[in-house]
Amino acid sequence: MTRPVLTIENLSVDYLVDPPVHAVKDVSLTLRRGEVLGLAGESGCGKSTLAYGIVRLLKPPAMITSGRAVFHSPEGHDIDWGDLGPEDLRAARWDKISMVFQGAMNSLNPVISIRDQFEDIFRTHRPALRRRERRDRCGDLLERVGVDRARLNSYPHELSGGMRQRVMIAMAMALEPQIMIMDEPTTALDVVVQREILREISRLRGELGFAVVFITHDLPLLLEISDRIAVMRQGEIVELGDALDLYTDPRHDYTRQLLASFPSLTGERGSFVRGALDDRLLALDAIDAGAAKETS
Amino acid sequence: MRYLIRKFGFYLVALWAALTVNFCIPRLMPGDPVEIMMSKLGQKGPVTPETRQSIEALLGADSSRPLPRQYGDYLAGLATGDLGVSVTFFPASVIDIIGRTLPWTIGLIGLATVISFLAGVGLGTLAGWRRGSWLDNLIPVTTMFQSVPYFWLALILLFLLGSVWPLFPLNGGYDVYTVTPGWNGEFLGSVLYYGALPALTIIVSSAGGWMLGMRNMMVSTLSEDYMLTAEAKGLRPGRIMRRYAARNAVLPSISGFAISLGFVVAGSIVTEAVFSYPGIGSALLQAVGGNDYALMQGIFLIITLAVLGANLLVDLLYSVIDPRIRARS
Amino acid sequence: MTADTVALTAPVTRRRPTWPPLTAKLAAGLILGGAVVLFGLLGPLLVQDPSRVGDIGLAGPSGDHLLGTTQTGQDVLAQLAYATRGSLIVGAIVGVLTLLLSAFFGIVGAYAGGWLDELFSLFTNIVLVIPGLPVVIVISAYVPDKSLLLVSLVLAITGWAGSARVLRGSTLSLRGRDYVLACRVAGEKRWRILAVEILPNLIPLLASQVVFAVIFAILGEAGLSYLGLGASGSFTWGTMLYYAQNGLALRLGAWWWFVPPGLLLALFGAALSLINFSIDEIINPKLRSQTRASRRGWRMSSEQLRKAKESTL
């Protein structure tokens, strides 16, 4: 087995209010280079808190109380995320691990143009880059996610929800990070757009080889795109395994419940999750194909 | 584009409303302003029929002309820039008086207000950015200055810095004995020296309000999703504060600036009175004191127009810095 | 911050007014404001006639006259008591009138919608951009003998528009909330939805607008009286300052004459501002986040806080 890209050891996050709330309890994980790790669980189970804890974006009173997250660079250095000083931490963010948030509606700054929001990244992390190169790269990134480069001059409110999320993904790729954390990136989108975005993510991952931590409550969706899946409940990882194993042979009761809670299109509750999902996706693919034929 | 048309439309309606208020007040109020003015003017010198006519058009004649006709005469008079003759400053016309006093007011009130706005917004940005810091905890104290009446603060400052420690002159706009008005360094220096205390009064009593408003908007903005994005991007804190937090938080402050201009003008009229500043506020009070109704109405009109104009300017500025407004068409 | 915590802190759809927690700010505001109101209510009963002329003019504070005397030997403390009462009356009248006017033009218009809303909103905005005090000054100039009531009326008429605009904004947003729409679908009567579902949620906002109106009214009246345009024969903080100014109190160094009325005004204004801070924090709970008061509720050591500050904003 190759060297992992991220190791989380016994990470705990508490909300230090009275009484303290243990949001993440003693979580250990390894993220392999280039894999898609799904993180599933109901709302409030701590999956987002875990993700924010990895990059230390937690706001007080939330606090990492024990454990650590270590990033392994391809050159063989280990970076303990918790040991970084403020300046190093800032420099490491987005460069090593970037993020795509839920609700693309609000994760872009409404009053400055898409171009400026792209260029902010390069100006901060790649100050040596010339203006010309910077511009070109921003355009290339947008085209990479299937958005016209003329859109650089747009403001967020001029873009559709799906387009904003594509822009967000393009930004996340800007510095070619090893890891991308995606927190419910498709939840606010309708099913067709959701499908397109997922396909885009899979394609880009294939081309660029970054690892993805994909957080969602939609287990069937994870089964479709993930290599491995971790199921979280009340701050703990109750089951972690290959996507296929988890589906065919769930060990933990809670995983079984989760799987059963998604109704299949064919009627029987939970019995044909995979099949039903495939039907849904096939139907969508058919629509896409039809649309492509019409435009050509 | 539609935004601009809507705005211009609104200000036209507001302008019309202001002119109409100006037309109605002298006619609705008890007493006969025209006669009072005529008798006062008569004491100062001969009154020509033209003067009488223009005053009647402004203030309402009791010769039984129907109101719509009077309204037409009034608007026609305004269109030619005829605001009548002043009693207090006879034989100067109202327009002359306004032309003489307005630059002083715009220089003092305008500059002081802009400085106070910028200082307040700047400090508010910092206070909101570092919540719970000493600056943030200072805010209740600064807003206390807001509830101190302008003129009382002015009195106290005058008492302390004018009488007890005579650092600043007690009143006036410049040193009338040694300096000749004009574009020379001496005069400008004198103007700055005389204007310092009134300006300080305005800044101290109004900056706190801007600061509180900006602080509260900063705090609200900090919990927006795009702030988290900016942080995750690893941008430098200064850049996040300016381009992400303050850039969004300042928008309501700017529209608030427009709304409160009226209050600022009101406060400064009184401030001018305390310092006997040769601006339009002092002229208004002299007019009121001397039953100089034509001058009074003229100054009221000009103040209203200035506030309307400033509001329009702020609205235009707003449309430049908030792209969403431009697109809402 | 995270999707999970947003759900916890976001305002719930059906917000009921709650009493503000008794913070230090609120307590200070209530005590200060209460003291000034008590002084205005009871003071006039305990002091001598404020207009009675004495033979010791411009005497400093002493046993006989706690706050000294004016130029004509009137007792400053007695004047202050009556002036407090006068200014509070103006504040109260304008507060009530502003509440009525702004609620009518702000809430009713926004709730009714359509052309009525357009009309009310246009009217509100016009009143808002026409500067109030110049209008009051001009009107005062025409009416030589004014009662305190008339002055209050004019102040209220020129000052309600700001509140109406704020209320309109909130009503529009409440009107579109899911639970209000649900009531409509359920066939509840329109006035009942307004009274039962919308108004209770506007109470904190109304309260803060009234507090603002009271501050502005008292300040406005003081300015007007200071210029000699106030109600005739009345005692307010502004008229005291007017007489102090005319009696050359400033030149003669009679601080006991011109400092107390302004100070009392400032204290009362500050008390109301402090109360408003607490109301603001109810309307917008975000304002409380990360302040010292909220940090005290956490079980974090200063070391932990420092570490947290290093990593996030």
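Some observations on this one:
Each chain carries a letter (A, B and C) given by its place in the written order, and its residues are counted from 1.
Operating definition for what follows: a residue touches a chain if its C-beta (ideal position, glycine included) is under 8 Å from a C-beta of that chain, and two chains touch if they have at least 3 such contacts.
Source: prediction; values computed, not measured.
Two chain pairs, B-C and A-C, are weighed by contacting C-beta pairs, with B-C ahead. Summarising the inter-chain layout, the chain whose CA centre lies farthest from the centre of chain C is A. Distance from the chain A centre to the chain B centre is 53 Å, each centre being the mean of its Cα atoms. With each centre defined as the average position of its C-alpha atoms, the distance from chain B to chain C rounds to 22 Å.
The centroid of the Cα atoms in chain A and the matching centroid in chain C are 49 Å apart. The set of chain A residues touching two or more other chains comprises 57. Within chain B, contacts with two or more other chains are made by residues 228, 231. Listed for chain C are residues 1, 290, 295, 312-313, each touching two or more other chains.
Residue ranges of chain A in contact with chain B, taken from their complex: 55, 57, 90-95, 98-99, 101, 103, 106-113, 116, 120-121, 124-125, 155, 157-158, 168, 171. Residues 224-226, 228-236, 239, 243-244, 247-248, 251, 321-324, 327 of chain B are the ones touching chain A in the complex. Residues 1-5, 7, 290, 295, 297-300, 304-305, 308, 310-313 of chain C are the ones touching chain A in the complex.
Within the complex formed with chain C, the chain A residues making contact are 16-18, 20, 23, 43-49, 51-52, 56-63, 85-86, 89, 102, 183-184. On chain C, the positions that touch chain B within their shared complex are 1, 25, 122, 125-126, 128-135, 137-143, 162, 165, 215-216, 219-220, 222-223, 226-229, 241, 245, 250-251, 253, 255, 258-259, 261-262, 265-266, 268-270, 272-274, 277, 280, 284, 286-287, 289-292, 295, 312-313.
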